[in-house]
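When the chains are written out, they are named A, B and C in that same order, and each has its own residue count from 1.
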């Protein structure tokens, strides 16, 4: 059983497994499950019906990441919404926000003050910088990097497998540089770079690298103007 | 503790916070949490593992809507699915349907008999008329208006922030008039109007206003025929 | 009350309704609800906060499928993630994987070893063959057929109603043949066929049938090369 500081506000039917570490003034909603070894910092608020600290799994047709034994770490001042799921081996920075129904896989790093929208999904081995905004239902594929101050609109989609499972390949998601903005429901192909401060129009399909400080749009996306 | 009428069917591990008001013949599924002050009308059915009546929150980089103190009101005859989340300050009309995994924010008005599909998301300050159909995984952004009998296909996406967070701006979502139909996975830009009885083709990107009774399609969407 | 074999690992606050049948060595996570008559095979693992065996419902503006009385059947060796919902009248084959937050409706057949991604949604009356991969947030509409070894990328969208609810019509989703691959965020219109081993590019809108062994891309999708 976890040790619970006297400053904790714990809801009804909460499950705290062995080795969970809670900071001061943590709030945990009803029906939430926090699994073995999860570390929750000071002043973290967790909503109702969440599942935190999930060990990776799969079937024989999926990547085996079960060796990831690091805990989930949620740093001070972050808020987690309701009905969210977050895996072990991931670190969420200070004063962040994770929306309701969001899902975050293992080996993800999310730096301070970033916002992950409701029902957004962050796949494994992905790094998200400071002060990023990932909006509702956006899909950040595995093996992806977002630098700081990146804006990802609602329903943006990405892929990391050029061959769609046909052959063994190195999986690489997009690399999105500081201050870039991706409009809602745009699609980014594997292994492309979006340049610093560039803008991708809503509904675009980005098939190749985008330079710094330009705007692209369309299917396939083309540059609208030079800096 | 809430007062529970004798005609209520309550599942196991249900949490009813103070001041919840239940009408007659309400059904509440297992593991569901209904938060302070929520009003549930007669003959409402609520599924399992739902969270209803959530108070708005956020972090310092998000809009502060925490002053919204009105309760969640779910009117008579409406059905709520499983694993859904609905915020305080919202009113859902009579004989409606809210699908599993759906999420509805604060200050939303949904009129009678409208259907919100599974995993659809309705953001804050949005108004949805009577007999609308919002299909699966559709995203209705904040500050949006749908009149009556509007059809929104699966995975439709919208935005309300022309500048993607760059500068302070008035947030305005689309305005969709009576009887309009938006095909699946279409993208609607901020502040556009879709005319009455008009049709938007699947996968289109709508960048400017659409007149009444026309059909548009493509990226960007163009008018296919006049009425 | 269900009969629970001694080899079962059951979490805290689990609800097993009457007539649930559990095979040997089943694992059930915390806060999960398994409804009346559900059949769980040997060596099945079920995550936390799931709802399994849901009876179909709706309101007066939706298709009535409430006569479906068959149980949910999950066959041996399959893993179900967390916060997932699966309906009665559906059969999931052996050694499959259903991701977190996924939702599967009634009358769905999923054959052995297929993977349904996190937050993917499978609508009613749909058939999915062996060794298929349905990736994250993909939407498989109702009345759809996928043969074996089909790959559906993240955020793929489909529709089965040509008239978007305007008139009574036969609902028919896409028919996707063996080995076809559909790129992420593509949109497939109702009643089209995707040929065997064909490839649909990311973000495409497929408006008509695609032959075997070809690649199509764009809005609307056009053939890029002949075999």
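The working rule: contacts are C-beta pairs under 8 Å (C-beta built on N, C-alpha and C of every residue); 3 or more make two chains touch, one makes a residue touch a chain.
Everything quoted here is computed from the prediction, not taken from an experiment.
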Note to self: Rounded to the nearest 5 degrees, how far is subunit B rotated relative to subunit C when their C-alpha atoms are superposed?
What the structure shows: 120
Next item on the list: Would you kindly state whether over half or under half of the residue numbers at the subunit A/subunit C interface are used by both copies, giving same or different?
Entry: different
Next item on the list: Would you kindly tell me how far, in whole Å, the mean C-alpha position of subunit C lies from that of subunit A?
Entry: 24
Check: At which residue positions does subunit C touch at least two other chains?
Finding: 13, 31, 49, 83, 101, 119, 137, 155, 185, 219
Next item on the list: Going by the contact rule at the top, pick out the subunit B residues touching subunit A in the complex.
Entry: 13, 15, 31, 33, 49, 51, 54, 57-62, 83, 85, 101, 103, 119, 121, 123, 137, 139, 141, 155, 157-159, 164-166, 185, 187, 189, 205, 219
Next item on the list: Enumerate the contact residues on subunit B facing subunit C in the complex.
Entry: 11-13, 29-31, 45, 47-49, 77-79, 81-83, 95-97, 100-101, 113, 115, 118-119, 131, 133, 136-137, 151, 153-155, 181, 183-185, 199, 201-203, 218-219
